[in-house]
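This report refers to the structure that appears directly beneath it.
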Amino acid sequence: MPRAAVMTAPNQPIEVQHLPNAPMEAGSILLETIFSEVCGTDVHLHHGQLAGVPYPIIPGHVSVGRVLETGNIVNDIEGVKIQRGDVVTFLDVHETCNNCWYCLVAKASTRCPHRKVYGITYSAREGLLGGWSEQIYLKPGVKVIRLPDSVPPERLIAAGCGLPTAIHAIERAQIELGDIVAVQGSGPVGLNIAILAQLSGAGGVIVLGDPPNRLQAAKEFGADEIISVGETTSRERVEKIRALTNGRGADVTIEATGVPGAVREGMQMTRDAGRYVVVGQYTDAGEVSINPHLDLNKKHLEIRGSWGSDYSHFYKMVKVLAKHGARVGWEKMITREYTLDEMNEALAAVARGEMVKAIVNPKR
Amino acid sequence: MPRAAVMTAPNQPIEVQHLPNAPMEAGSILLETIFSEVCGTDVHLHHGQLAGVPYPIIPGHVSVGRVLETGNIVNDIEGVKIQRGDVVTFLDVHETCNNCWYCLVAKASTRCPHRKVYGITYSAREGLLGGWSEQIYLKPGVKVIRLPDSVPPERLIAAGCGLPTAIHAIERAQIELGDIVAVQGSGPVGLNIAILAQLSGAGGVIVLGDPPNRLQAAKEFGADEIISVGETTSRERVEKIRALTNGRGADVTIEATGVPGAVREGMQMTRDAGRYVVVGQYTDAGEVSINPHLDLNKKHLEIRGSWGSDYSHFYKMVKVLAKHGARVGWEKMITREYTLDEMNEALAAVARGEMVKAIVNPKR
Amino acid sequence: MPRAAVMTAPNQPIEVQHLPNAPMEAGSILLETIFSEVCGTDVHLHHGQLAGVPYPIIPGHVSVGRVLETGNIVNDIEGVKIQRGDVVTFLDVHETCNNCWYCLVAKASTRCPHRKVYGITYSAREGLLGGWSEQIYLKPGVKVIRLPDSVPPERLIAAGCGLPTAIHAIERAQIELGDIVAVQGSGPVGLNIAILAQLSGAGGVIVLGDPPNRLQAAKEFGADEIISVGETTSRERVEKIRALTNGRGADVTIEATGVPGAVREGMQMTRDAGRYVVVGQYTDAGEVSINPHLDLNKKHLEIRGSWGSDYSHFYKMVKVLAKHGARVGWEKMITREYTLDEMNEALAAVARGEMVKAIVNPKR
Amino acid sequence: MPRAAVMTAPNQPIEVQHLPNAPMEAGSILLETIFSEVCGTDVHLHHGQLAGVPYPIIPGHVSVGRVLETGNIVNDIEGVKIQRGDVVTFLDVHETCNNCWYCLVAKASTRCPHRKVYGITYSAREGLLGGWSEQIYLKPGVKVIRLPDSVPPERLIAAGCGLPTAIHAIERAQIELGDIVAVQGSGPVGLNIAILAQLSGAGGVIVLGDPPNRLQAAKEFGADEIISVGETTSRERVEKIRALTNGRGADVTIEATGVPGAVREGMQMTRDAGRYVVVGQYTDAGEVSINPHLDLNKKHLEIRGSWGSDYSHFYKMVKVLAKHGARVGWEKMITREYTLDEMNEALAAVARGEMVKAIVNPKR
């Protein structure tokens, strides 16, 4: 009976429980967890800020593990057979239906109402469907990718869910060669966006965030400029961005903060006819007042929300890590590795913003 | 000395004055005005709601006239010589510089800081540079189009500045075949957007506006559904749009109201992964509160401000009128034709929203 | 045992055979065929010009029928239950896998290698999987749409496979308001493209084709100009298009001929920086010589192949027919209705280009 | 009287002549040439392969120089005053009119018929309007950029006209994170495309070219794979690309060869639903046969011609050099520096493909 760290209800302590072994179905895979992660979403889950979560749950959406067993033959999308002992990661998003209006007509599968997410929308009563567990059960149809040798598990988990989220945001941002990119937020999503903006040809990357260790990380991961939000007012930040861009503002701004007030500020720090991508407003944290004339219409601004990620982002995540991993060194983002017994502590540290990236090692 | 209706200062009565004759320069054109228009912008100008306006001004940005005289040879962009007696219209936007960062790098000429607009940013002291006048002086470089025989002057002026503004907004909206389009606003811009949405392949067009005569006009000009904003709450309107779209919201929403509160409502009435174009927030009318999680990020929404118009929109205006004019009958939008001596009355009527379209005939 | 017209092998006469009744599986639907169609692809199939076709086959990909029976509960994508007696059409493309690189990474499902098409890639030995049959068996997962009352079966079948193919091509063409659109080909796909170009805001539509009855149909369905390819040389056609467009060429050209030589001509009749969509080269009919400097690079041209169609095009087909059907009157395209016993004759007539649209009524 | 290397007529030896001093007009600039370049276009000019060239000409389109004198005040587009002694480069493309249909409606200024290009479309009789000269006269309105200190003149000229051409091609290519990019051609344009593809987030870059020294340069400038066109057949190259891409072909292919036959090969080595940019077919070098079914339509391919460059590409060139110049080291491309007296030799060496990049130093 594998051990798992279970979030029984909002605002309750995480409990380590022994859960039943998973019954293998045809097409399923059982993983021995190597690493999972603690991300801001887990804090939101712990605070009960997401609607419709079937507590108790096993948190941990992006994870990496070793294949213990497969139900008959399972292939990846390139037709490669997954075998016992393979080190794999899997797309936490599951059951996008390919049969509804959003999947088939709008072609916006991240808005498919049938979508399920490991570690978030599955109950612990339904099985080992989250990463804070010694074992993870991959239901038939869950999409796996075998890690290439050049991508060690700690690099993958350091990138975590932040990297595919950032890949989607970058795709929406359509950065052109030489664009000055402002990134609001220095958490894992913000840092990954900063990295990817540089890899995508940005002429300069400015990260606005806090606390100092995260800003320092931003600098190490390639930000040309960093701005502390704790030491500046909103007006000062907008002016600073303008000062860095000949008075115009950033060509592209990408929000990754979760703070509603950041949205107006982001509109203001983007140049006229620029692009603004909002990816960090993952939970309902309230409202923000904007001036539609000054902040939007007169600026001829383009604003794009970016929700979730799909298989393509997950696929590209592994490609990006394989190509740029050694040079970028994502694993340097890992501030601390926690055991299953330390998850309360881990959540508290993430909530306080102390971590660049916190990961979970269920075997320790 | 031609007569002109001059706006001497904000909130002062319009005065009819005799102004000096225009001195002809090489490349200039002198027009005898056939029609000009009274649009919502003129009301804003009269209320002092635009920054940097060099009062006294001669209002009237889009106009149609007969060529009295040209300074040497003047050609249109197709190389056709403009001749005495030709009936022409001209692009009110002038002096987009093609020499600044916005013109050359961002390729967003409607944000060029050197841009001038007839009837708005020229002072009456600088010449006959507005349409509420017996004569209009077209400075060298002002772009003219000779009206084809199939476009009578009253049809052109009925379309007025609303049509090129709408063409720009429709371009930003990228309507696809079958899209359900919600149009917020039933003034001239909103009506033109409704017409163009139908011409662009919309699967259905819903106009939200007021008062009854404008909504009636929306119906006549092709709206499939109309919704009175006076008789509904914001929540009811959003629910009504959802009820008309299988619960999802409009594929594309286009705002043409000038009311800040419309912006949040527009975001809410657009479907997830849809597109929202904001074109009506032409002056600073205050703020609106939005919820960035619910209204933007989770919806994976795309929002596009649309500012001003350029030569291409003006060119397409004449093409659209030539092709669809007889069937659509834009001239039916004209509620009343005013003389230069009646402009105070005209402004008041437009401000009260009584007009579908008010035009000026300086010769009457 | 339902009767079906079977294509036993390339270049062999079509035979009417009695085939076994379909066994109902959960999620399947049995239709009584109301209409199917004869299209150019069926001629290609008969001539053995498509690779990998599992003869014997029952041709007929787009069809409309009445539900005789369903295997348990079957819903359409909006969640509406399909019931006995409903008049439906169905997406002939089936088993797009949503599990391969093309479906998930390239998001180009019409290039999914697992894709099957009714009437083309299913053998008659596998069941009633084509429209030239008294009954059609819809396998579980085949996507159906119930026809709205406003879309009579003969209108749907007159639009046939040409309309979704045209919708895809028009989507690739991204027509903007006022664009002059040249359509190469006056067969069903070309005619539908001409109709849709007009519905999408084209400033003018020029159809190049033959024979006279099809060009006449083009005129009736909205072409502003028609050009007979039989009475002109390639150079004359290009010059004619230029003469109609101020010397520049069409803003957008769409090819729907199947003749390789049309491709160079199409490039030449498109203006510099214009767009050229190639949709009609459905089978390998040989090569064409182009001049990459003059025809492509110097023109700064954009060329887009358009392959097949997906659910969204099929969905929009029904929406377009519901909105514009009565006015456009697609059913006027039907030149003749054939019985199952007359399919050899039908194929010959289609091959000779005599038909605008030939349809099949298996019950006659 | 400055010395210049003059191309008097096609296929005639270059002659060094003393030309009249330039008369300064208001807004003009006189440069002392620091470097100019010899590019493939100069070979085409020498072979008489471009139409409408007003021989005698002073070749050399992209150049860098020191300001000797300005006619009154001249500012760059950011408003910075150009002063005597400044080291500047200038946009060789001049007189794009901003007043024709292509400039204003199509917004395709590189197809403006009024466009002039230094070193190509100006006669030596009109003045010092090319870079193979001790002095260059910048007519009023020619757009200059002052080189930042971080961009030494030899780095700028090593990038030469290849870099802005490549920036335009890359813009057309819209590379997404992780795309495998095949580059046909290892001349200066191909090498710059390879560099920019890597900077734009390509997952891998494959350069196909010759001779060995250029392929070696491709490797040094970041190609992941190189393929010699001399040692392989077309079929082998296509198969090699497929072998490197899981059998699919490149996501994006960019042609920079000038050889018509490369175009079909490029179509074949691009994956289904991929993108193919053709930038190298700068002169009429004949035709190529393609199969529109197999190479285009069935592949659902997108092909984009890319002609010339505009101010934005030139502006971004300097930004790219400022940001990445030290690391990339463009100056390593320079194979040899020629004097004005050696230009016949220079042209011959470039024609033989021996050079990676040949530059001109008129002062030596």
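As written, the chain order gives the labels A, B, C and D, with residue 1 at the start of each chain.
Assume a residue touches a chain if its C-beta (ideal position, glycine included) is under 8 Å from a C-beta of that chain, and two chains touch if they have at least 3 such contacts.
Everything numeric in this text was worked out from a predicted model, so none of it was measured.
More than half of the contact pairs of A-B, counted by residue number, reappear in one of B-D, C-D or B-C; that pair is C-D. More C-beta pairs touch across one of A-D and A-C than the other; that pair is A-D. Taking the mean of the C-alpha atoms as each chain's centre, chain A and chain D sit 41 Å apart.
The distance from the centre of chain A to the centre of chain C, each centre being the mean of the chain's C-alpha atoms, comes to 42 Å. Multi-chain contact residues of chain B (touching two or more other chains) are listed as 78, 101, 246, 315-316. Residues 78, 167, 170-171, 174, 176-178, 196, 199-201, 203-204, 246, 315-316, 319-320, 323 of chain D are the ones touching chain A in the complex. The touching residues of chain B, counted against chain D in their complex, run 77-78, 98-101, 104-105, 107, 143, 310-312, 315-316.
Residues 101-102, 106, 108, 110-111, 246, 248, 260, 263, 271-273, 278-294, 296-307 of chain C are the ones that touch chain D when the two sit in their complex.
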